[in-house]
Amino acid sequence: MNDFLLFVVLPYLALGTFFLVTIQRYRQRTFSYSSLSSQFLENKQHFWGSVPFHYGLLFVLGLHLAGLFIPNAILSWNAEPARLFITEITGLAMAVVALVGVVNVIVRRFNFSKARRVTTTSDWVIYLLLVVQIGSGIYVAIYQGWGSSWFATNAVPWLWSLFSLQPDVSYIASMPLSVKVHVVNAFLLIGFFPFTRLVHVLVVPNHYLWRRTQVVLWNRDRRRIRQAK
Amino acid sequence: MVFHLDKCIGCHTCSIACKNIWTDREGTDYMWWNNVETKPGGGYPTRWEDQVNYKGGWEVRGGKLRLKSTGPARVIPNIFHNPTMPSMDDYYEPWTYKYEDLFNAPEGDDQPTAIPISMVTGEYIDVEAGPNWDDDFGGSPVYAENDVNLEGLPEEVRQQMFEIQRLAFFYMPRICNHCMNPACVASCPSGALYKRGEDGIVLLNQKGCRAWRSCVSACPYKKTYFNWSTGKSEKCILCYPRVETGQAPACFHSCVGRIRYLGNLLYDADRIEETAKQDDLDLVDAQRDMILDPHDPEVIAQAKANGIADSVIKTAQESPVYKFVKEWGLGLPLHTEFRTLPMLFYVPPLSPVLSTTQGGTVRNDSDDLFADIEKARVPIQFMGKLFAAGNDGLVRYALRKQYAVRMLRRHLTVGDIDLETAQRALQEAECTQEEADAIYKLTSLATFDDRFVIPPAQREMAIEMLNDPLEHKKSTGFGFREAPQRS
Amino acid sequence: MFAHRQIILIAALIVGGGQALGQAPSEDSYDYFRLNCSSCHTIGGGDLVGPDLKGVLDRQERDWLIDFMLDPAGTIDGGDAYAQEIFRAAKGQYMTKIPSLDRAKAGAMMDLITHESGLEKSVFAGMQLSDRPLTRDDEKLGRKLFLGQAEFAAGGPACNSCHTLVDLGGFGGGRLGPDLTSAYSRLDGRKALSAWLSAPPSEVMSPVFADHPLEGDEVLALVAFLKHAAASGEMEAESLTMDFLLASFAGAALVLILLDLAWRKRYRATRRPLLNRTRAGKATR
C-alpha cells in the first residue's frame, strides 16, 4: 500500500503539478521566471558554489537521462568492466563535485548577510531537498554500487511503466531503503520545482545561439504607414 | 545627445533628478543611471574604463567584431558564474542612516548620532565607498592617480598633472550612451534588450530578462545595472515616457549648467559593423561619416523610402547634436575604442587659462594663440584617450575652435583682444565668423527649444487616466504595472 | 444415421464435462509456478533449496500451507513446529515471500501441485538441464556472462550489475545484491543452483528476469563459474569499496582543480585590491 502511494501516486502527483504549474506560472507570472542571482552581492564564494554544483549535477543528471532513454546503449558500454568502472568513477566523482557545490552554496548563503538577504524559504527547502538527493545518490553509488547498470535494468522499466500509464511497482518495491529515499526525494523535487527558483532551468537561452547579434524593434510598420498616404 | 563639459559645474542635479524618479526602489538603491565623475578619477564603478579588467565592449578578432565578455559559444559554459561581472563591492554598498536614533536617544551629555546602515542587509556598516567618492579629487592618491586614462602617458605629464599648483580637474556626467552598436543588446542571452527603431533608445524588457547578467559585463560603460531584489537588469531609459510626450529627459531638463543637448540623427545602420571595425585612430571619423546629412536630398529621399516620417526628418535637420558633432566637429564620443559607437557626444572642456601677472596686468606668456591648449593643465593626451581613442588631433581641433570663439567674444564684449587677433584665431581654428556666432548662440544663449529638439512620437500606452501612476511608488519598476513579485 | 450423430454429440459433451470436473490447472498456473516456485522446488524431482513438493498435501493441511506461503518468515519465526522443521531442512534459508501472491493464487498452486503429484512424471520433476560434466570452457563462458562481456541470449542484465564475487578484477561487481562468492556452497551445489538460476525468484530479480530467462547452457556456464569462485575463498569487498571511493574522490578533486583552472581569469574584485595596493605602497614609502 505504501509502495503504491510512494511509487505510483506520488510520481503522478509530482509530474502533474510540474506540468500544470510551470505552464500556468509562465503564462501568468513571466516576471518571476528566473533564478534570483546573488553573484552581484558576493562574487568569490559564488564560483565555488554555483559552478561545481551545476556542472556536477548536470553530468549526473545526464547519466540518469541516458539510462532512461537509451538503456541498451549504457548496458553495452558497461559490458566491458573497464568501461563500467570509468562510468561509475566519473559518475560518483561528479556527484561529489555537485555535493561540494551545494554545500558551498548553503554555507555562502548562510555566512554572507547580503546573500542571506535574498534567500527565501523556498530556497532553503530546495537546498535541503538537493542535499538529500545528492547525498542519497552518493550513498547508493557506494553501497549499492554499479547503479549505471542496474538502474537501466531495474528502475527504468518502472519509470517507463509509469509513463505508459501501466504502473508496475514490482521493480522498485524490493529496492533497498536508500534507493527508495533517492527516488521519493527526486519526485518531491519535481513536485516542488514549479514553485521555486528552479524554473530557471526551463528558460535556458538557447535562442541566443542563432539569433542576430543586435535587436532593433519598431513600434510601427514604417513602410506601410508611408505607403498608406 | 551632447554634453558640453566646458559648462558642467559638477552639481549632481542631474543625478538627483534621475534617482528621485527611477531608482528609489529596493534593489536599485546603488544604481545611478546618471552619475557625475571627476576627471581624473576612478569613476563609478571603480576604474570602469579598464576593459582589460572588466572585459566590456567589442574587439576585432579574426577580422570579425566580437564581444569581449561573451558570445554564442561562451554564454552557456559561463552561465552558472558570470566570469566578467563586477560585484556590489566595486560600486558601493548603499546606505542610509538610522535617523530615528536622533529623536529617540535618551537625554545625555553627548550629541546623539545617526549610524549608517546598509540598505541591503539593514545592518550597521562602515561606509567606505560611494558613487562619487572621489568627487573633486577626494582620495586622489588612490583614485585620481589610478585613472585608467593616465596609463601610457609620459611620466613628466603625469607628474605635472598632480603638481599642486597646476592641479585641475573637470566633471564628466555619464548616462547610458544609447549606442549605435550596443554591447548590452548583443550580449543578452534572452533577447530582453532592444534598441527602439524610432528614436534609438535602448530598453530592457523586464519580463524577458532572466537574470543571466551578461549585459552588466558587456556594457563597457557599466551603465546596465543588476537589481539584486527583483533579479532583473535595469538601465537608463532616457525617460522615454517624457520623450514620447515631447519633454526632455529629467537629467537634461534639470541641468543647471544647461550643458545637455538632445536631438536625433539620421545614420546608415548598414555600416555599423564596418565602422566599428576601424582602427582606433579612425573610429571617430568613421562614426561621423556614418551620420548622414539630413539636408541632402538623396538622404531625405532614402529616409522617406525607409518609412521615416517627415516630422522626424525635420527634427533631424534642426538637431543641435548634428551641429555639434558633424558641422562643427566639437562633439566627441566617450571611449570610442570600446567600439559600441556611443550616441552621447562630449564637447571637451577647456582648462583654466595659463597666464602670469606682470605689474598688475594679466597677460599671456606666448605668441602662440593656442599655447593654453598645448600646455593645458589637463593634458590633451589625457583627453585624447578619453574622447578620441588616442587621436589627440580631434581633441585639439575641438579645443582650438572653442578657444577661438571665446577670443571672438572677448573682442566683441570685453574688447581686450583686437579683431585681427580674434580673426587670426578663428582662421587657425578653421572656423568662420558665422559658425563662431552659431556656436556661441547654441552654447550660451540656447533656450529649451534650441537645446532639445525632440521628434514627435506615439506613446506606447497612456494609463494615467485609468491607473494612479503613484500607486506603486517605490515598488514597481518600469514597463509593467504590477508589483515586481518573484514568488 | 441421425441417431448416430446424436450419440457422438453426447459423447463429446460427456468428455468435455469430464475435463471440467477434473479441474486441470490453467496455463497461467503453470507459468506462475515456473516463474515463482520452480527455482527452489520440484514436484517429484527431489529436494532443491526447498523440499520436493510431490504429495505435499498428504503431509500437511491445505490451509496451513496456504498461510505459510503468504507469510513464510512470519510462520517460521512464529515458532510453528512443522515450519521450524522444514526451515532446518533448508539450512536456514527463509522461503521468499512472493509479492503478487494472494489466497486465490495460493489455492491455484495447491491444485496444480495435487494435479501434478498424481501424474507419473510431472513437468516440474526436475530442470531439463543436461547432466554433462562442467568443463573449463563452461567456466570461462560463465565469467564472461557474469561480467557482461558475453550477452545472455534473452537479453537479461549481466550479473555484475548487482553482484560481486571474489577475483573479478578491477573494483569488483555491483553491490545492490549479495556477494555471490559462496552462492554455490550456500545453495548446496549444482542442482539447486541450476534450478535457482533458471528462474531467479528473489523480489528484485524476478521482475527483471521474468521476460529474459537464462538458457540451459548459460545456467550451466554460470554454475561452473560460481563453483570455481566458491573454491577461491573469501573476498575483501570493503577494500574494493574503499579503492572505488578513493578513486572517485580523487576524480572529484581533479574536476574542482580543472574548474578553477578553466576560469582562472575570472573577475574577482577591483576597488578593494586597489585600496589595499595603494595603502601598502604608502606604508613602504
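By written order: A, B and C. Residues from 1 in each chain.
Here, a residue touches a chain if its C-beta (ideal position, glycine included) is under 8 Å from a C-beta of that chain, and two chains touch if they have at least 3 such contacts.
In this text the structure is predicted, and so the values were computed from the model without any measurement.
The greatest centre-to-centre distance from chain A, using averaged C-alpha positions, is reached by B.
Taking the mean of all protein C-alpha atoms as the reference point, the chain centroid lying nearest to it belongs to A.
In terms of their C-alpha centroids, the spacing between chain A and chain C amounts to 33 Å.
Mean C-alpha position of chain A lies 44 Å from that of chain B. Averaging Cα coordinates per chain places chain B and chain C 76 Å apart.
Within chain B, the positions touching two or more other chains are listed as 81, 85-87, 89.
The set of chain A residues touching two or more other chains comprises 43, 47, 51, 55.
Residue positions of chain C touching 2 or more other chains, listed in rising order: 263, 266-267, 269. Note for the complex: chain A touches chain C at residues 43-44, 47, 51-52, 55-56, 75, 78-82, 84-85, 88-90, 92-94, 96-97, 100, 141-147, 149-150, 152-154, 157, 168, 170-171, 173-176, 179.
Against chain A, the residues of chain B that register as touching in their complex are 72, 75-76, 79-82, 85-89, 93, 118, 120-121, 123, 181-182, 185-186, 188-191, 193-198, 206-207, 209-213, 216, 226, 228-232, 269, 272, 304-309, 458, 460, 480, 482, 484-487.
Those residues of chain B whose C-beta lies close enough to touch chain C in the complex are 42, 45-47, 50, 53-55, 81, 83-87, 89-90, 128-129, 141-142, 145-146.
Put simply, chain A touches chain B in their complex at residues 29-43, 46-47, 50-51, 53-55, 113-114, 116-118, 120, 122, 195, 200, 203-205, 207-211, 213-226.
Residues of chain C that touch chain B in their complex: 263, 265-267, 269-272, 274-275, 278, 282.
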